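In what follows, chain A forms one complex with chain B and a second complex with chain C.
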Partner chain A sequence: MTVSFAAQINSVLAALILLASFGLLVQRRIYGLLHIFAWQGLLLSISAAVVGYSAGLHHLYISAALTLSLKVIALPYILYVLIHRLKIHREVEEVVRIPTTMLIGIALVVFSYHLTAPITELSDLVTRSTLAVALATIMLGLLMMITRKKAVTQIIGFLAMENGLFFAATSATYGMPLVVELGVALDILIAAFIFGIFFFQIRTTFDTLDLKAMERLKEEE
Partner chain B sequence: MENVYSALMQALQLTIVVAGAPLLTGWVRTLKCWMQGRRTAGLLQPYRDLARLFSKDIVLAENASWIFRFAPYVVFGATLMAGAVIPLISFDLPLGATADIIALVALFATARFFLALAAMDTGTAFGGMGSSREMTVASLAEPAMLMSIFTVSLASQSTSLSQMAHVITSTPLVLRPSLAFALLAFILIAVAETGRVPVDNPATHLELTMIHEAMILEYSGRHLALIEWAGMMKLLLFSSIGIACFFPWGISGHGDPLMLPPAFVILAAKLALIGIFIVLVETGLAKMRLFRVPEFLGSAFLLATLGMLSFFILE
Partner chain C sequence: MIITALLVINLAAAAVLAFMGDRKLAPELNIAGSAATFAASLALAVRVHDEGPFVAGGGFFFVDAFNVYLAVLTAFVSMTTAVFSRRYMAHERRHGKIGHKGMRFYHAMFQLFIFAMLLALLTNNIGVLWIAMELATLSTVLLVSLYRTPPAVEAAWKYFILCGVGIAQALFGTVLLYFAAEKIFGEGSNGLLWTNLSAAAGSLEPTVLSIAFIFLMVGYGTKVGLVPLHNWLPDAHSEGPTPISAVLSGLLLNVALYALVRCKVLVDGATHSHKAGYIMMVFGLLSVLVAAFSLLRQKDVKRMFAYSSIEHMGIATFAFGLGGPVATFGALLHMLVHSLTKSSIFFTVGHAAQMHSTQDISRIGGLVKGNPLVGWGLMFGVAAIAGMPPFGVFTSEFLILTALIKDAPYFVPLFLLGIAVAFAALFRRVIPMVFGDAPSWQKPIKASHMPVLVHMGLALGLGLYLPGFLSEWFHMAVEMLVK
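Now for the complex of A and B:
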């Protein structure tokens, strides 16, 4: 496998990751969201492995394996159990209508391309062009957190943002040091547990997972 | 000598478009019957239908104006003109230089515009409803179609279909995410433009769901035959646009008559495969609600735009 072929595969994966981000934005069903999130994690882990193979950096294999076990298996499973226990099967409620969200998303992709264009000229890695996609993934995750009402979908948006950061790290700098990556992975896992506890707390307090209800939390005057 | 060869190619191409279109429709219908466990009417049934309609008299509404009588010829003519531009078996098309992909989309739009006018001309409720629905679908499908084709144009640096197909066959194969996105978007748009399930059902006459059929309810005799024939040609032409933009391998080059028979066989095989694909989709999916169509075409537009963006970002 030559370097340019690896770069081609990586750009196809980048395109698919971007597509998955848009999939998260337009998906209405909550289990569908989980599936797309797991697919995005899988693409991310393949991409890390391809970059690791083409650059001869073996620690990227470890982060690929970590991504595979955490983002494809563990996190979707934890969220699945949570959703099942909380009995949320209804459709996702959005603040902004979905076609509008899609258009905003396209504008964000253009914006992040514009933003990363000068940075990519400084780098000489073969995978540098995917930096724009990584930034766009982060932005789209943020957009998803803003436009959704329910806590669970906001968490998925947050995790999608983390996917974008990870992709930026592998594509722009061939991965972070292993210690950092292990730390982040552990953080994400702990965060998922804490989110779970929060979900139950929010629901017992408000009888709903709609975060708009939190606006009622005011001190009495 | 070269001119004669080109003119011959053009004539051959038009013959394939006009004569082959009912065969493709017949193939799709036959396959569909097999998939659904029904008896088939045979591959040649569309030809018999057309012959029957041509031999019948025309029934005109009393208040029908010249537009109503004029429209079938415009629809057939515009579709035929489009068929002269898209390379089917050879890049040697003298008329190919007259119209690029933008003019091609405009030709289809002209046909649709006159059909919508004619449907409103007689003043029936169904005609107006059909026109309004058709124009809604068209106004959403056309920008997405242009976006998707422009992505291919960017990759091949030309807007002429023959040139685009030629560039794609002559450059070495690389993985291009932009073209994959453009292809996905094109499939969604082609489904909407040719009026297949899940956007429209070509076999229905149910007033709640029909789009294209509602417009041609008032037509009879040879007018109806021309419109039906143009519809079959449109299916063939959209398949050929897809082939020319995304899978052009096998189309014979300039001044290469020996390549023609294999090119013809390859074209037939590709069209047969497309037919199988259409039937699998139509059997597997239900027709979607009319109000979901804008979202369907919106995602086609999104895919086409992503294709164009990934051309700039990743390639």
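Now for the complex of A and C:
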């Protein structure tokens, strides 16, 4: 595989990852979100493997395998089980002002390209052009967390942000050192157990997983 | 060797307490674990004092004057907090606020939290520093929601989400730092080691580091509780159990600020400008002012002191941003005395809330009559935190102010306004709580006096006299931070 060919594949993957981010932003059904999230993880994992192959870096294969097992299998499975146990799989979330959200999303993508332009110029990696997409994925995850009002969808937004971070690491630097990758993966796994517990705590204390119910703690006058 | 012992003690204590967290001797074991950690941290401090900074564990750990004093402080405050929590949590358990499982969870997570903070302080790898900061958040999230009341669950969720989002930005900043370092050090962990980075800071790419600093500032700034990223902090402090408020306020905020300052040194070295410092000054001053005016309208006593923590972290951040030897010395001292004083205040406030079964300021009164030590402890604590001489906070704020008058006089009025408003707001609320007649709903409790006495003694002592070894350390740290 030549370098330019690898770069092209990586660009296509980056485009698909960005598409998945926009998909997450507008998808209303909970299983739909879960599927898109798993697809995004799969794309990430393939991208890490492709970069690892073309650059001859074997530690990226480990990263790819880690992503595959954590973000394509473990996390979606945990979320699936939680959604099933909490019996919220039929719920359809009301997403207001989709066109506005999409426009803000596009603005964020442009902003990401603008911000990373000076960095990309300095890089000679095959993957450099995708750093902007990585930052955009982080920003879009953040936007999703702001616009959504359900606990489960906020968590999916949070995990999509983590996807963006992973993508940033592979596209800017061919992946962080393995110690860090493993540590981050461990943190995400712990976080997964914590939000699992949280869903039940929120459900038992508020009778709903809708975060609109949580408005007690405000600055009183 | 010492470092490994230091970290292993906490992990082992966490594991043991996870199994026996609600047995009879669990609180004592919690204290013993923390005391052993404190002893190990003292041994580490002695070694740094004798031999100077050193790298250990194949470059994985790095200990110098800056992090060793924070490590000793962390171990010390966690020990006194463990002493305080023995009686405090027993009271909560008797009153059915927390059950069997809750106690077990509390003890195990307390130790894990201390482990995460010590790891963050002692590691040399800025990637691991990030991981440890995230671990510190994760281990305390479910402690904030320990009482399972609706506000507690809400506060914990806010804490989880906001800090999670914030710290994700810091990871992006770390990736960018690594990107800049990779050009010099190549692939592998070398490029993330702080000692390597600071040695080669001059040749790191300045544009990349400036952008990285913005992300690091937002990320770690969220954990420091800087305005406008502070929303999680008052909720988490007011709804969690008081020992956790004490360690969050006294320790976690310090560790987050430590992470930020370590990154600032690298950015300063690369950009040869004061850009990072200006950003920190703006965030710091904004925090001081917003927190001071928010103090005026608080009704919940723990929430009020949470805002006071935002104010003081703002002061320290501002001083680090200001730079220069005097301000940096002041900031280091401020982190130390604020931590001691604020945790002591939380101890007394926790007992005061138990005596009145409420955290509502208007329903707490006559503390001096009810329990003189709690009452006077709170009064002196507030005097100390508001910056009255001869307490330590006065010394550090005075140092910072002196440097400010010299280097950036136009900020003096705003800075003084913040401190004055906070002073007035605290005294207006605290005097009715401490003096006056005890209300009929006040009940006597078994308070733990030792931690309050020790903390206030130290806060007073540090205001009157700074021991030689401590000022030597601060000078060494200042030398490292101000180049």
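Before moving on, here are some points about what is shown:
By definition in this document, the second predicted complex is superposed on the first by the 209 of 221 C-alpha atoms of A that agree within 3 Å, B and C clash if a C-alpha of one lies under 4 Å from a C-alpha of the other, contacts with A are read in each partner's own complex, and residues count from 1 in each chain.
We adopt the following convention: contacts are C-beta pairs under 8 Å (C-beta built on N, C-alpha and C of every residue); 3 or more make two chains touch, one makes a residue touch a chain.
Computed from a predicted model, the values in this text were never measured in an experiment.
Of the two partner chains, chain C is the only one that A:V184 touches; chain B does not reach it.
Partner contacting the larger number of chain A residues, of chain B and chain C: C. By the touch criterion defined above, A:S54 lies against neither chain B nor chain C after alignment on the C-alpha atoms of chain A. Contacts of A:I194 after superposition: chain C is touched, whereas chain B is not reached.
When the two structures are aligned on the shared chain, A:Q154 is found in touch with chain C, with no touch to chain B.
Contacts of A:A132 after superposition on the shared chain: chain B is touched, whereas chain C is not.
Of the two partner chains, chain B is the only one that A:P99 touches; chain C does not reach it.
Applying the stated contact rule after C-alpha superposition, one finds that A:T67 touches neither chain B nor chain C. Chain C meets chain A in the complex at residues 125, 127-128, 130-131, 134-135, 138, 141-142, 145, 148-151, 153-158, 160-161, 164-165, 168-169, 171-172, 175-176, 178-179, 182, 187-189, 191-192, 205, 207-208, 211, 235, 239, 294, 297, 299.
Residues of chain A that touch chain C in their complex: 57, 115, 118-119, 122-123, 135, 138, 142, 145, 151, 154, 158, 161-162, 165, 168-169, 172-174, 176-177, 179-180, 183-184, 186-187, 190-191, 194-195, 197-198, 201-202, 204-206, 211, 214, 216-217, 219-221. Contact residues on chain A toward chain B in their complex (touch as defined above): 8-9, 11-12, 14-16, 18-19, 22, 26, 98-99, 102, 105-106, 109-110, 113, 129-130, 132-133. The touching residues of chain B, counted against chain A in their complex, run 174-175, 177-178, 180-181, 294-295, 298-299, 302-303, 305-306, 309-310, 312-315.
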